[in-house]
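In what follows, structures are represented as structure tokens.
Okay, so subunit A shows up in both of these, paired with subunit B first and subunit C after.
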Partner chain A sequence: MTMNTHPSLPEFEYVQPATLAEACEFLASHAVEARPFLGGTDVFVRMRDGFLTPQFLVDVKNLKGLNDLHFDPKAGLTLGAAVNMNRVIASPEVKAYYPLLAEACRSVASYPLRTRATIVGNICNASPAGDTIGACLTLDGVLHIHGINGPRQESMASFFLGPGKTTLKLGDVVTAIHFPIPPKGCVGMYLKLGRNQLSDLSIVGVTALGYPDSNCKSGYRFRLALASVAPVPLVPTQAETYLANHSITPESVHEAARLSTDACSPIDDVRGSARYRKQMARNLSAKALAEVWKKLN
Partner chain B sequence: MAFHKINVTINDDLEQVVVPSNMTLMHMLRESLALTGTKNGCSAGECGACTVLLNGEPVNSCMVLAVECDGAKIVTVEGLAGKKQLDPIQEAIVQEGGVQCGFCTPGILISSHALLKRNPNPSEDEIREALVGNLCRCTGYVRIIESVKVAARMQSVTT
Partner chain C sequence: MAKTDRQDIPSPIGENSPRIDAREKVTGAAIYADDIQFGNSLLHARIKRSPHPHALIKKIDTTKASALPGVKAVVTGEDFPGYIGLYLRDRYIFCRGRVRYVGDPVAGVAAISEEIAEKALELIEVEYEILEPVLDPEFGASPKAPLLHPDLGQYAVVNFIFPQAGTNISNHFKIRKGDVDSAWEKCAAIIERKYRIPQIQHVPIEPHVATAKVDETGEITLWVSSQSPFAQRNLIAESMGISQSKVRVIAPYVGGGFGSKAGVSMEALVVAIATKVKGHPVKLLLTREEEFYTAFVRQGLVAYFKMGCDENGRLLAMENKFYWDGGAYTEYGVNITRASGYSSSGPYEVPNVRTDSYCVYTNHPVTGPMRGFGMPEMHAGLEQCIDELALKIGMDAVEFRKLNCLKTGSTLVTGSKMHATGLSDCIKKTAEAINWGTKAPPSAPNKRRGKGLAIMWKAPAMPPNAGSSAWVELAEDGTVNVGVGGQELGQGVFTVMAQMAAGALGVPYESVRIATPVDTRYSPYEWQTVASRLTWSMGNAVANAAKDAKRQILDTVAEAWEETPEDLNIVNGVVISYKSEREIPLKNLVVYGLPKPGDQGWRGGPVVGRGKFMPAYVTGLDPETGQGERAVVHYTTGAQAVELEVDLDTGRIEIIKGVSTFDVGKAINPEMVKAQMEGGFVQGMSSALFEILQLKDGFVRNPSFVDYRIATSADTPRELQAYIVEVPQDDGPWGARGIGEHSMVPTIPAIANAIYDAVGVRLEGPPFTAEKVYLAMLDAGIVK
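Coming up: the complex of A and B.
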């Protein structure tokens, strides 16, 4: 049989480990040459473009438990790493308790791509543009990781170190992401500015989540996360703190939006200039906060 | 590079194929099995011309490894029609003139067929959202969207 794989992927070996332990061991003993993958929608593109040249691709999506979607009204939601975005969107529990997560997934690419793309892949890819990362940050996602020394958990908040860089160590496989039950009465929203309305990566993305909280002077707590404006998905904590300590008015919302823009350090790229990104980060932050506030009342 | 022997059901036929690790499902269909209805537009997940059903769900076959399909069920545009009758979306796209050069058509048909299966009566917005990953450079989309609406009506009459 002759095979013409042009313009397909560069050569590599496909590896399908039988157990999680086997996967971790293989990855740990092939430091630079091996890479885990789920949907492959980031990995394959970067291999075709020549940015990645792994010798081994380790398919972790069929490992035990990685396809489970589990909801418990007390403990919250656990998404196995291989649960694809269309399954997240279609889940009645996600719709009922975590609509922000479904909204974020719906903004990614197209239906056929989302049959493959996963939230955990989006997170591990660690692009500042990752559309589902803001929802995972504001919903207090916790990653379940299996490494050569066994399982551990890591909070989303401290996971990102730089573009494509995370706290994951050699041999680590993320097995799931867990979300606690969201705060009572919370309202979330994801505003994505792309070159077209659907399917492109974001120029700027703003995730906002608000909920009643009697510990805050304003009576409400707001969470924010910004995409594509810094080397990592950005949580503008100063803006969050400001809103917790001031009553919510059009003026305080604008001040919070200004504070979140101050935290941005965007770059120029094909999708937009740094200056445009900064201005849009402010406008979209103000818009998202105002809309969430309106829905809270 | 290693080769893998896989068993895969394609349009109801069980096939055994030997594939290298780096071969995509799209290339297996086109090069090894001569199912050239599945088109290669971009090889990057952007255009949707290569869309097929993998275990009932649409995927960009350029973004799936052939070796991952061991044991899977694939439906390509060649397998959409019944023995005697076209699928309603095929019927409708012919009737409504939703085809010009035809390059995007196989992907459009598969994506629309899958949409009508999960949502038999989609709104125009839902149709547009479902087809966002299927680019057409000829028709301007209006007749394609009309075709999906007509197919939905055809289906509701026959079922």
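Coming up: the complex of A and C.
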């Protein structure tokens, strides 16, 4: 082990591109030395701790459109990448149509930090512990990305490759996340287990979303996402499939919780042991599913 | 008004006077050590620290660092051969020859910027020979352990600390009372338990900060966030081999201390560096990480308890063994070992006691005083054993405590007699307030509810002759300036001193100010702001100084009015005569005195009252038996209870209600006393549920608030009750004794007992994290 008693922000150059194209070009031409940032709530901490040493920080949060929060009753919600979490929480449309998203944001850090922290930043940081990622996964978020070859879209489901690793390519800037109108009658919930009540990282987090779906045997479809139990934010598809094919009973909820635990591969770290995380993945999955089921009826 | 009433409790004693520092602090006007500006001659210090828990220093090469432009000085242990320490001088200012913990200071740099100072650190080359570390106190105390302080036998030490040369034991305190061995067979129930209490930290919001300047004559000025300006003056002077008069310590408000800013720690580093750059102020401000690695931490403890009672539940015997993890240096911590030894029976009358309390050197962070000074750690295990013993003998835990707890006149573990105490009332009140004996249903099917109660005692742990002094001076307008050397750490002591000065002198509270900042050149002597001793000790000094001023004033007026001082009094800033009913405002006489009739001269003059207090009655304890006439000045006692719920899905604990009752002798400011009880409860709760310095191979794994969790306002119980019991202290001002630390002493065991009540599990030690509680329930088959 090592000791660092004087962590300090390393020297870097601050770059503020005028256009998206300029940003992409700069990032592409400074392969390893440049990094985009939004609120910086993760980037600066990781730089201070010596985990990141970018030569250039490319500030993309003032680019055109990145601060837009747009809701269309047909198309859904588009959050510009730089929209901070407190704006998400305060938005009447989010409150009305995507309360799960607001709930997830509220669990992040503290109010002052949430005035800088962004959902897109949380996603790009690609920590398995990201508190808002589960909501984005279960609400079928789609990332709008601007790369050197122009804009494209990518689904959340296939975005994460490992801790801190995503499918983003050199020169890519995520400009927004889009959510379709959620399924009619849907109910969501985020259960976060931290060590204490406020502003902690999750030991385990479970996001559950349920809605009526006539294609399922039970008449309902459930979505699940687990934080801090695998190298990536985890979607336990076996559990989702199981619930789609069985009627919802306390037994089937428990079986689904067991299946979601089987999908976990947690580690021991300073915040919790793998053994405890497995137990919590099961208990919190069961609890979240049961609570959602209760609200659906 | 009858004369006896005048001797009674004067206003504003016992009133909730508003905090004297509130406006300054709320508006941001209050000055803290880091706020002081020194201009562009200021240099910045950085410390090169050991990356190994235990190693020999083979070579230090500072040539490259010294050559770096902007570097003004580079110092090492070679420059400062003197030892430093409060009770046991066991550390050098900078390491000489050996490093003993990760973070041990090896070299220091002063440079014109922080960046240059940091670069210079990288250029200092240190060659180490790595040695086997000691990472467990019990192992450290054994003959197998590598020796960390081969020179222990040569260290200077006070006469009540007993280092064992040739071992890692820097103090061995013993109690041998009665006949423990033959008492066991008379016991109807016996409990034997082991507990492990981890190191935690004070985590004051304001980190340690100190700026030192040495002038061309060698006089040192230190501006510092400090609980101990006078102790720092003394210890730094002794270590540097200079006169105390050559060290001046200026100590503004402290942004949280909890013991971490007592004695001397990083201040000596910056003073040492400053001696090499005369004329330049040199500043050192610790980072949060440096705080965790290198500031004092609370001692770890491995504790063994054995206790037994007869069939009626009367305690007959106790046998305790404490292995304190003192860390690399125990100059201050050795006295924690002693305090826990002479308090090792807990607040109970026990006829037969054998205690061995060992302070053990390890290669862990340096330990020192922290709120409670060993008592929270010791009570954590002891008060759980009491619950278990009561259960075993079939008695209610509260009844068991009422039966066995100390009463006025009880024989203490040291053989002396207990002074007047309201402990029984504290237990009764606390049990009532928590509705002891009833069980409310849990708030949800997956929750279990429980209640727990614990009691405590604690004495100020200090040298027998720790002294206080004060002066009280009056200005032309009759306002009062009070000089003290104790520190305002947020605990409210300046407010209480102003109340006492006002009460003793007879002026309105609003006319009193405290002469700040504390400055050892102008402020009167105070040993240290520790041990919850200021209300009592400094309070006595202030009251005495105010009475002295009052005597001077009344003598002058009595002479002028041709009356006797006994017929006069000062009420609300006015001297009055009960006899002649004459009156004169203080402002008319306290500086210029009073004219004699007929222009025949003057009498009186500027009024400056002086007062001091030092206990004169504390006796030593026999080193072999720990028995003596009066080991300490007094014990504050009290009780706490909690009601909590355990979440069966997660193991998470929610404290629903907390109750505290303490016998403070006399509450000078009841609201602030209650605030201490609430604050102590929350800090105790935080240490019970969340806090632990995660040490691995001598390294701190969680040196920041990301992973060192403390309770926030969101974690505090919905209901916190605080009750005051007042059985006066015979030598306390208006009967007052301390409360600052006591309020976090019984919290860990109260919570542990409640967890047991709720789900039937007990853990080896705190923190009772959700994970530990859940896994214990899982292993016990309580959850699946």
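In this section, the second predicted complex is superposed on the first by the 289 of 297 C-alpha atoms of A that agree within 3 Å, B and C clash if a C-alpha of one lies under 4 Å from a C-alpha of the other, contacts with A are read in each partner's own complex, and residues count from 1 in each chain.
To be clear about the criterion, a contact is a pair of C-beta atoms (placed from the backbone, for glycine too) under 8 Å apart; a residue touches a chain by one contact, two chains touch by 3 or more.
In this text, all values refer to a predicted model and were calculated from it rather than measured experimentally.
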Message: Tell me the contact category for A:201 with respect to subunit B and subunit C: first, second, both or neither.
response: second
Message: Contacts for A:44 in the overlay, against subunit B (first) and subunit C (second): which applies, first, second, both or neither?
response: first
- request: Could you tell me if A:116 is touching subunit B, subunit C, both of them or neither one (first, second, both, neither)?
  value: first
Message: Quick check on the superposed pair: does A:73 touch subunit B, subunit C, both, or neither? Answer first, second, both or neither.
response: neither
Task: Look at A:92 in the shared chain and tell me whether it touches subunit B only, subunit C only, both, or neither; answer first, second, both or neither.
output: neither
Query: Touching A:271 in the superposition: subunit B (first), subunit C (second), both, neither?
result: second
Query: Just subunit B (first), just subunit C (second), both, or neither: which does A:8 touch?
result: both
Message: Quick check for you: in the superposed arrangement, does A:150 touch first (subunit B), second (subunit C), both or neither?
response: neither
Task: Across the two complexes, find the residues of subunit A that touch subunit B and also touch subunit C.
output: 1, 3-5, 7-8, 198-199
Statement: So, in the complex, the side of subunit A touching subunit C is made of residues 1-8, 193, 195-201, 203, 270-273, 275-276, 279-280, 283-284, 287
Query: Which of the residues in subunit C come into contact with subunit A in the complex?
result: 46-47, 49, 51, 102-103, 118, 121, 287, 289-290, 293-294, 446, 649-650, 652, 689-690, 694, 696-697, 699-703, 706-707, 709-715, 769-771, 774-775, 778
Query: Which of the residues in subunit A end up touching subunit B in this complex?
result: 1, 3-5, 7-14, 39-41, 44-45, 48, 57, 59, 86, 106, 109-113, 115-116, 198-199
Message: For a test of understanding, state which residues of subunit B touch subunit A in their complex under the given definition.
response: 1-2, 4, 18-24, 27, 31-32, 43-45, 48, 51, 54, 57-60, 63-65, 67-68, 111, 114-115, 129-130, 132-134
